[in-house]
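In the two complexes below, chain A is the common chain; its partner is chain B in one and chain C in the other.
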Partner chain A sequence: MRPERLKAIAIVFGLLAAAPLFLPNRYYVYIFNRGFANALAVIGLVILFGMGGQISLGHIAFFTLGAYTSAIFSVRLGWPSAAAVLAGVALASIWGAFLSVPAFKLSGPFLSICTVAFGEVVRLLTINLVSLTNGPYGFYGIPSLILFGRRIGSEKAWYFLLWSLLVFAILAAARLKRSYIGRALAAIREDETAAEVMGINVRAMKTLAFVCAAFCAGLAGALYAHMSGFLSPESFTGEQSFSLFSMTVVGGQESVLGGVAAGVALTLLPELMRFLQEYYIMIFSLIVLLIVLLPLESMMERAKMWMAGLAREGGKVPWGRCSK
Partner chain B sequence: MKGFLKILAVAVLVLMVLAGTLSAQNLRIVCIVTALTGSVAQNGEYITRGINMALDEVNAKGGVRGQKLEVVFLDDQAKASEAINAVKKAIYDLNTPVILGSDWSGLVLASMQIAADEGIPQLVTATNVQITSQGIPTIFRLRANDSVAAEILAKYVNDQGYKKIGIMFTNEDYGRGFADETSNYLAKLDNKPAVIESCNLGDSDFTAQILSFKNSGVDVILALGKEIELAKFLRQTRELGVDTPVFGGSPMGLDYVVELAGGAMEGVRIVTHFLPTDPEPRIQDWVQRYEALYNGQEPTTHALAYYDAVHLVAKVMEECGTSPQDIARGLREVNYQGVQSWFRGSPTGDLVNKQVIGEFKDGKWHVVAVLGD
Partner chain C sequence: MNLATFIQLLVGGISIGALYALPALGISLIWNAAGVFNFANGEFVMISSYLMYSMLVGRKMPFLAALPITLCIMFFLGVATEKTIVYTLRRQNASPVKALVSFIALSIFLRNAARFVWGTAPRTIPNPFGAKPIEMLPEVFIMPHALWILGISLLMMAGLLVLFRWTKIGVAMRATTQNRTVAALMGVNTNRMVSLVFGLSSMVAALAGALSGAVFFITLEMSVMFGLKAFTSNIIGGFGNPLGAIVGGLLLGVVETLGASFVSSHYKDVITFSLLLFFLLFRPKGLFKLEIAEKL
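And then the complex of A and B:
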């Protein structure tokens, strides 16, 4: 990575670390927290879909598993909340490993149908296992997280916790991408047969990718449960899976930082557009559509060249001269 | 280009400052609407209509304590996570002294603890019993709760002599709660429901449930739950040639549910909060004013409940003060006759006990009986 880019990233993250100090009030800190939780889940999808090419359209299921497991362990069994979060992450990861089994044989649309079905199964279980999940009434009274003897209760405390976990996850995912695992996943994405011929253990790699993805989403979910204190099946529908998926795509699929930026931005954007009243969701969806449809990268290249031309010649450069 | 940007930036700044000073003179409260967007956006439309109508009246009479009353609408998309966002925005960002809404029970259950922690009173139209049974001092309800409706429904069905009762409910907080309450009351009357079936939100094929009712030979079906699903259920029931009498809850009374159900609504009886054909002069007067304002469109229970809510809040703020504590105190002691019903303070926060039994005949809802006041 080029040093100036690294510097820019460091500045952005430094600013984000200090953000709660200058955000106008707790509400903005809270929506950042929601954004960070989503971004955490998106990192998993970047590994699974961006790096490994495995489609998961039921990704909210892992989020749900993490959230409900943590809630059930801490409320019904009285576990300490930190241990309950670990249990939630563990269960989500185990189910991630299970879901990788159909991915050994299936790919493309067939795999995506399979993951959609998994998402629906989990959602219907949360509605119908009333004795465990309190069903459609929603699960309330989930205690705050207690970490090393400190209660994470305020929006700001959550901000710093989620932010540091997010930075850690970004570093881990970026490292993973450049390791032999990342290269193996890329090989599987491009051509599974060729990858197998080259001696890559395709099944192990797919399982690993699914477990990583489920781990991230499960962690995000488990933390969300303690952050919001309330879970309800209607928050974990297929729509949420699609929005996680679109965050990944908007972020550029393969890019960990892009996924994180898209995860945070697409969570903040509808909240910031609330002043548009009943039109805000429509306009938000339009923006997402435009980001995906427009060749943003080549436009940015053009803009860069245009600016460079301006600086060099000190005059106007017609668009036509920007072509490579 | 740079000059243009500068002008634009200055213009935006000036506009923001202007907007800030303009709204600063108003007394601002927040309504969380279920929902401005999504599948129940029609309800959101009714809610905003009722509120805007009441706002105009309050402000025409000089507002509250010399200030104009203003309502900021926040969408909750009928989703719990968004309702939490909206409540946090209302309290932390907009510093509202009181919150109106949400309309769905699950959304209120998700968000009411946040408002309670900050001591902000919340007036809701959601009817699940659990909302006011948890001892939260800041929650107030503008309609009779499901327990009242369930008791009336159970008693009415039992009195009509039905002996083999089937219950159909949508598996979410409202439908499930209403169904549980109703079957409890029926059990007390020694008339336990014979068949209980359910569906999930978003389902559109109800053949299995309808056949189950048909095969077990129930003599009445209680369809309890959300609007869209039950409208389709009702329609399919009649299409499959099952003409068992159907009873329902307030969602069945909405005009778009009637439309969606086609001719199948004929003969259906419901327990609800308000019907525009209620002969009570107070209500008829309001219905005429509403129809004059909104091009002859019929008002619904949402519009009236929120209309009353705005007048109620304006009155309480006028008499007791505009801080959250003042409003909560005022609501605990309130004794006010709105258009829909009387609103009386109670230890749980339930302000209303009125229910209307209606029957759909010749393309219109007719009031069969009014219980409570």
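And then the complex of A and C:
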């Protein structure tokens, strides 16, 4: 990456770190926290879908698993909240490894339906296992996180925690993309057979991608549980899975930073524009459809060629010919 | 449980299975003709249900007039989908993942557009077939809508069979499905044929939606339910096999109805999903291997 770009990115993140000092009230900080949590989950999807080409449409299930496990461990079993978060992340990752088993054989629509079914099963279980999850009434009274003896209660404290985790996750994912693993995943995405012939362990790589994705989503979910203190099955529906997926697509699939930017922006947007609240998923889906269907790349190419053509003619205006 | 109850459940299950078989048939038609998986099939079912609701309850139209109008509208919606999305993808020579993403986005868009138009409240339409059970055998009572649904669905399937087997246009569609280039060389307008298959498939799904109003509440969630169940039927019968899709749909309806009464109706959908995961993992080719596919 060019140094100027690196500098610009560093400045953006520095500004983001200072943002809570300028934001008018706590509500905005809270929305940013939600955006950071979503962005964390989107990083997982960038690894899974963008790099590995495996579609997961039940991604909110990992978020739900992380959130509910952490809540249940800290409330019902009385674990310290940090340990409960780790348990939630661990359970989500284990289920991520399980979900990679169908991906060994299946691809395309078959795999994506598999993930939809997984997401629905998790959602139905959170509604129906009333004794554990309190079902449709929602799980409340989740204690706030205590990290190294310090209680993280205020919105601002959460902001800094999520911000630093996000920066760490971005660096890790960017590193992953340039490592052997990232290149192997790209090879699998382009051609699975060829990748296998080149000596890539396709199954191990797929499992790794799923575990990374589930880890990110589970972490985001577990933190979200302690941040909001209240969980309801209503907020973990298939629509949420799709909105995570559309954040990934809007961010350019492969780009970690793009995914993070789209994750934060598409969480802020419906909050800032209240009239969109009801219909934002409709608008997201339309945006995704347009991004996929419009030949953006060739349009860019044509625009570039046109600009180059203009520059070659030395700024001659097209109607200059008429005066001759 | 005695025999009479069992027969009642069986007939009810088969009629619900027919409702799953129709969109499943639609999915397999499109898969064969265009090589894409129509993720939005469940949404087509839902929209046709809502259209029926608007016409029957909003406009007070008779059932027999509303049904053909709904089917017609849905036929053109299917053709429009092909003309906008599938045609664009084919012109770009897009990757399968791209096609899949665009259909996923289409399905979410249609669902939320329906929410925009009809709202979130569940709707009901008056049962057009009457609510008085018929005593078929001694002590076996069967709701008339079960028989009507089964009859109309079978009629539709038979109509499609005749169309595909014995008409010129059906042969042209089958030729397009088998080998597009050769069909085009033989003078078949393949673009039009693919559009036609999309229209037909959407119409078949719409029939399921129109009939299901008699049994289910009309809600936004029914799109997800129908989409997943149609997909499951396809997987059970072997993907892309039209006859398999029908058999799979009927089987799913029966298993689900019996499961709901023997185990618990709360876990009805969990049974379906477990069945889906089981087939995907252990028998991805379906119950029958693809031998049957050659015959249809």
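As a convention for this text, the second predicted complex is superposed on the first by the 274 of 324 C-alpha atoms of A that agree within 3 Å, B and C clash if a C-alpha of one lies under 4 Å from a C-alpha of the other, contacts with A are read in each partner's own complex, and residues count from 1 in each chain.
Note that in this section a residue touches a chain if its C-beta (ideal position, glycine included) is under 8 Å from a C-beta of that chain, and two chains touch if they have at least 3 such contacts.
Because the structure is a prediction, the values reported are computed rather than measured.
Participant: Please work out whether A:191 is in contact with chain B alone, chain C alone, both, or neither, and reply first, second, both or neither.
Facilitator: Touch status of A:191: no partner.
Participant: Going by the contact rule set out at the top, does A:31 touch chain B (first), chain C (second), both, or neither?
Facilitator: Once the two structures are laid over each other on A, A:31 reaches chain B alone.
Participant: Could you look at A:301 and tell me whether it touches chain B, chain C, both or neither (first, second, both, neither)?
Facilitator: neither
Participant: Identify the partner contact of A:230: answer first if only chain B is touched, second if only chain C is, both if each is, neither if none is.
Facilitator: Only chain B; A:230 stays clear of chain C.
Participant: Touch check for A:128: first (chain B), second (chain C), both, or neither?
Facilitator: both
Participant: After superposition on the shared chain, which partner residues are touched by A:138: those of chain B (first), chain C (second), both, or neither?
Facilitator: first
Participant: Please name the chain, chain B or chain C, that touches the greater number of residues in chain A.
Facilitator: C
Participant: A:102 in the overlay: touching chain B, chain C, both, or neither? Say first, second, both or neither.
Facilitator: Only chain C is touched by A:102; chain B is not.
Participant: Identify the residues of chain A that lie in both the chain B contact region and the chain C contact region.
Facilitator: Shared contact residues on chain A (touching chain B in one complex, chain C in the other): 124, 128, 281-282.
Participant: If you look only at chain C, which of its residues touch chain A in the complex?
Facilitator: Residues in contact with chain A: 37, 39, 84-85, 88-89, 92, 96-98, 100-102, 104-106, 108-109, 112-113, 115-116, 224, 228, 231, 235, 239, 266-267, 269-270, 273-274, 276-277, 280-281, 284.
Participant: Could you list, by residue number, the parts of chain B that touch chain A in their complex?
Facilitator: 36-38, 41, 44, 73-75, 77-81, 84-85, 88-89, 91-93, 106, 109-111, 113, 128, 130, 171-173, 175-177, 200-201
Participant: Which of the residues in chain A end up touching chain C in this complex?
Facilitator: Contacts found on chain A: 53, 55, 57, 101-102, 105-106, 108-110, 112-114, 116-118, 120-121, 124-125, 128, 238-239, 242, 245-246, 249, 279, 281-282, 284-286, 288-289, 292-293, 295.
Participant: Give every residue of chain A touching chain B within the complex, in rising order.
Facilitator: 24-28, 30-31, 34, 124, 127-128, 135-138, 140, 228-230, 232, 234-235, 271, 274, 277-278, 280-282
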